[in-house]
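The next part holds the structures, each set out as structure tokens.
After this come two complexes, each holding subunit A, first together with subunit B and then together with subunit C.
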Partner chain A sequence: MAELIQILVSGLAAGSIYALAAVGFTLLWQASQTINFAQGEFVMLPAFFVLIGMTVLGLPMWTSILLALVLSLLILGVAFKRLIVEPMLPHGTLPLVIATIALGLLLKESVKEFYGATAQPFPAIFPQTVYNVAGASVSVQDICNLVVSMLAIGGLQLFLNRTRTGRCMQASAQNPAVAEILGVNVKRMVLYTFLINAALATIASVLISPIYLAKFSNGETLGLVAFIAAIVGGFNQIRGALVGGLLIGVIDNLSAVYISAQYRSAMPLLLLIAIILLRPQGLLGTPEGRTV
Partner chain B sequence: MIRRLLSTAAIVMALGVAPALAELKIGSIIELSGPGAAAGTNFRDGVKMGFEEINAQGGILKEQVSVLEYDSQTDPQVSRAMVQKAIDDGVYAITGTVFSSSTVVNMLVAKQYGIPQFTGSEAPSITAKGNPYIFRTAFGSQKGVPKMVKYMVENMGVKKVGVAWANTEFGKGGHQAFVAEMEKAGIPIVVDVPAEQAQADFSADVLKLKNSDADAIFVYFTEEESARFLREARKQGIDKPLIGETTLIGHKVIELAGDAANGAMGHVGLTPDANIPALTEMVERFKTKYNYTPDHNAIKGYTAAWTLKYVTEMVGSPDSKAIAEKLHGLTLKASEYPGVLMDVSWDETGEMSRESFFVKVENGKQVVQAVLPPN
Partner chain C sequence: MTRYQPILIALGIAALLFAPIGQGNYIIYTLCSWLLFSIAAMGLNLTLGYAGQVSLAQAGFMGIGAYITALMTLNGIHWSVAALISILSSFAVGLLLGYPALRVQHHFLAFVTLAFNTLLFLVLRNEEEITGGSFGLVGMERPTFFGISTDSNLAFYYFSLVCFLLAAAAMWWILRSPWGRAFKALRENPIRAESLGLKIRRQTLLAFAIGSAFGGLAGALQTPLVQFIEPSSFALIHSLKLLLMVVVGGSGFFFGPMLGAAVVILLPEMLRFTEGYYLIIYSALVIVLMVYSPNGLIGLGQKLAEKIKPRQEARRDLKEGVQL
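And now, the complex of A and B:
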């Protein structure tokens, strides 16, 4: 029982971070039909902004995190939308997909070139204390990662459902033409979506880098896992991405402990195949629904 | 007018081309990106520093040495292509690669062309394939693991062990050597956990090991995986001794894992913290030059450069085949050949023998617990 508790806590903590990245996929898809294959690199990059703040500029950790957030909003939010999505979107989805793949490569190779190919230590933002809960060792870091991720996604849901701006964003996603007629500034709403995605990527980066270490290639794994999570949960639902992320995290840990450590990475892929065959819209997705 | 401009430009370009300063070329095929970048960068910098010092002291056979660098990307097939490219570029010896899964593939190319290759790899299979052109810069795990197992049994009183290892050519080699030694010592392995290359999440692996009744855990990963493993072990509060080879307690691992590295222990063929004056001085020069503390891979690269100089000069010419022949059965004493830092011998398979150390990480530094004799 203690073992199961520990697996669940570790799996949910990792899964909640995957969910943050997965939500980014669904947000951008809803707002602008963009499948962002650079999403993994979006999560990788802010960690290096933090490191630059701390090691190059000599700033304290929290100031560096704030700096990383601002840089992410500007580069991964505003610049991504203005320089890549807007010029490419009129040419259709496929050119945009290729452009995001190229962007992912550019970000990865740039970090490798300017910061180095080796992994970098990344400071833990939460205490490393471990508590014994019913025989299981539960770390404060895991709990904090889970809580912060859930708060971020919960806050996003509240923002979208309970605020005027959030509802305008939903309206823009559902039917941009009608939203515009009703006076919604659709372009601004789409920009907000990109900014939210950049902010979520920054949070995911800061949470996962103490575990993964900061490395230029981290985006490969994270991007793939988040993409699978988004498909498994439902590409057009935030709560679907959340469920998908948590499910992948828990299944990964369960399969490593109870089935085979050697074949653990195959389990999420098997789940993906099963979902595509049996429920293509994802566990919580809707076949045609388009809500943010 | 245009013709005159073009001819002027041609003359300027011809004058601008750097003359061939070096006549001896060495190929440095190494992991500068991918999972092996931490180890590869250290090895590369060691090689570079070694040859820079050699050049400053007159080069090899009074000729300057040019080191041509090739990134293997920690990919066996890329490394093979890079070895081929280096040979096409006219190198007479090769240093690298560090990752065994690359070396087992690329050493076949060097063998085919009769080019001596100084590898940083430690998988037993490297020197077991009858390749007369492969030479280690640190002994293989089949020699290191018995020393470590002896220490675990006799000094630590270990009765049952768990194993966490990388499911790669490097990891398989260490795992097989460890399992064989444990069988010889009559010590059961109660839990055996393989992990994938570049695995990031070790929570399930650590949990399995933690919940086992092993007295100690043998950890055999590359540097970055080791650091992630140690961080997770610290997070889950594992209280069993974590014992490994150089890749568990190297300086890069200590830097990456931070406080989580404290308490980890293991066997190292080379350590910058050994009380050997030549080694200490080399480490200080390296730190001044590169602004980071070298690990065992940097020392391997450095000694590879100097070994090549000494043997080339013994042979009297950069004759690749003669150099390989000379290296078999050769012993270099540090008193006569200071660049090798410690007395070292190579046998007929290219395997090496040297003193080694059992160390424990305390306050972020390797502390030597015992000096282990050559075997």
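And now, the complex of A and C:
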């Protein structure tokens, strides 16, 4: 029982970080039909911005995190949208998929070449004390990670549902043509989506790097997990991505302990295939009409 | 244009025949891997460029072919039988994967194949008794046909070339048959194609399965070429590489995948002097190419050709009309 609690807590903590990446992924898909294969690298990169701020520029940690946020907003938000997504949108999804694959490779190799190929230790933001709760050891870091990501996603949900800008963003995602007619600046709303995605990636990066260390290849697994979480939860719902992320985190940890460490990464994939077979719109998703 | 085509193709084949003569082993090896990746990319082009489905498991199908061929030839079965079984198994797995995935919206095949490729990698790595785990399988011999051994690199090149030409001819025939023309109809205007009685789902499924079978053949060739196979040669990243080949060359064009395979395999060799930077330069080039010409290099060529010598255009307004 104690072991189970321990697994659940660390699973939820990891899962909430996956959810951050998955939510960004679904937002991009809704706003611009971009399947971002570089999402994992988007989460990998901000950690290195923080490291550059701290080691190269000698800034304190929080200033470096702020710097990383600004850089991510500019590069992963504005530049990604203006230079890559916008000119390619009229050509359909496929060239864009290829471009994001190439972008992921570009980011990964650049970090490897210009910063280093080895895993870099990353400063912990939260105390790493471990408390004993009913026989289970629960780390403060895990709880804090869970709380921070939940607050971020909750805040985003409130912003999208309760503010005028948020509702305009939803309208542009659901039906850009009608939104445009009603006077919504659709292009600006799409840009906001890209900025939110960059911000979520930065939060995820800062939370996950103290655990996994900052490494150029972190994006490979993270991207796949975000991708699976988004589909399992439901590609067209933020709640879905949240549930998907948490579920994958828990399943991942459970199967590592109770099933087989070798096939640990197979469980989320099997879940993905089962979901596609049985409930293609995802656990919380609503079916989209076929185009043909 | 069509009048010159047979001459151009004959010249191309002649160039392929003379290409390896007098070259070192390394260049012949690179040419062989270009041939076999072209076969796999051609199959993917059928799925992607003609049926409009993204498959992220082409390397996985190569893996199925490579492992089946390796296990069978290690047990003394002739390569040609093993290759046939490889092709048929890839085809069958393609049907099994595609059937449920194509039931629903269009981008689901991409997700299912992505999961499949990753699962296959895990199985190949973990089932050590059969696949040798991460140490892989070694000691597969190159086949002998009617007493002629393909042991030397030059002989193996000509053997791969024969397979490549057969595969290309099969693809040419598929695309020319009424059935292949149905694909073009699907790609150009699915609603009209369906209203004329085409079964969209069955057509797409068959395209994906045949495309996968080409992957199986490429894998069957890779086993005797490299004579060492291990799971990471068939990981997801290689499926993405194959996808890059098709799109960089020009998806939906017959010669697109061959051009793309040449670029993806040869460009790293040419950029080798840049050392660690070559992947950076390469991926940046791909992004720029996609932004300027989503139809790949062949599309870029056509664009340039049209700038120099504009094609006659009877009615531009018709273009909008067919999209309805």
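In this section, the second predicted complex is superposed on the first by the 288 of 292 C-alpha atoms of A that agree within 3 Å, B and C clash if a C-alpha of one lies under 4 Å from a C-alpha of the other, contacts with A are read in each partner's own complex, and residues count from 1 in each chain.
Everything below uses one rule, namely that a contact is a pair of C-beta atoms (placed from the backbone, for glycine too) under 8 Å apart; a residue touches a chain by one contact, two chains touch by 3 or more.
Every value quoted in this text rests on a predicted model; they were computed, and no experiment measured them.
Trainee: Should the pairing of subunit B and subunit C on subunit A count as a clash or a fit in the superposition?
Mentor: fit
Trainee: Which holds for A:I211: it touches subunit B only (first), subunit C only (second), both, or neither?
Mentor: In the superposed model, A:I211 contacts subunit B only, not subunit C.
Trainee: Answer with first, second, both or neither: which of subunit B and subunit C does A:I35 touch in the superposed model?
Mentor: Once the two structures are laid over each other on A, A:I35 reaches subunit C alone.
Trainee: Which holds for A:I98: it touches subunit B only (first), subunit C only (second), both, or neither?
Mentor: A:I98 sits against subunit C, while subunit B stays out of touch.
Trainee: Between subunit B (first) and subunit C (second), which does A:V147 come into contact with in this model arrangement: first, second, both, or neither?
Mentor: neither
Trainee: Who does A:A79 touch here: subunit B (first), subunit C (second), both, or neither?
Mentor: A:A79: touches no partner chain.
Trainee: Taking the superposition on A as described, I'd like to know which of subunit B and subunit C A:L4 touches: first, second, both or neither.
Mentor: Neither partner.
Trainee: Applying the document's definition of touch, where does A:Q128 land relative to subunit B and subunit C: first, second, both, or neither?
Mentor: The answer is first: A:Q128 touches subunit B but not subunit C.
Trainee: One more residue to check, A:N253. First (subunit B), second (subunit C), both or neither?
Mentor: A:N253 contacts subunit B only, not subunit C.
Trainee: Have a look at where A:I273 lands relative to subunit B and subunit C in the superposition and call it first, second, both or neither.
Mentor: In the superposed model, A:I273 contacts subunit C only, not subunit B.
Trainee: Would you please give the vertex angle at the Cα centre of subunit A, with arms pointing to the Cα centres of subunit B and subunit C, as a multiple of 10°?
Mentor: Result: 70 degrees at the vertex subunit A.
Trainee: State the minimum pairwise Cα distance, in Å, between subunit B and subunit C in the overlaid complexes.
Mentor: Least C-alpha distance: 7 Å.
Trainee: Once the two structures are fitted together, what part of subunit A is touched by subunit B and by subunit C alike?
Mentor: Touching subunit B in the first complex and subunit C in the second, residues 112, 262, 265 of subunit A appear in both lists.
Trainee: Across the complex, what residues on subunit A touch subunit B?
Mentor: The contact residues of subunit A facing subunit B are 3, 6-7, 10-11, 14, 112, 116-121, 128, 130, 137, 139, 141-142, 210-213, 215-218, 221, 252-254, 256-257, 261-262, 264-265.
Trainee: Given the complex with subunit A, which residues does subunit B contribute to the contact?
Mentor: Within the complex, subunit B touches subunit A at residues 32-34, 37-38, 41, 167, 193-196, 198, 200-201, 203-205, 207-208, 210-211, 224, 227-228, 231-232, 234-237, 252, 255-259.
Trainee: Can you name the residues of subunit C that touch subunit A in the complex?
Mentor: My answer: residues 48, 54, 100-101, 103-108, 110-112, 114-116, 118-119, 122, 126, 190-191, 194, 200, 240, 243-244, 247-248, 251, 276-277, 279-280, 282-284, 286-287, 290-291, 294.
Trainee: Touching residues of subunit A toward subunit C in the complex: what are they?
Mentor: Within the complex, subunit A touches subunit C at residues 35, 37, 83-84, 87-88, 91-99, 101-103, 105-106, 109-110, 112-113, 224, 227-228, 231, 262-263, 265-266, 269-270, 272-273, 276-277, 280, 288, 290-292.
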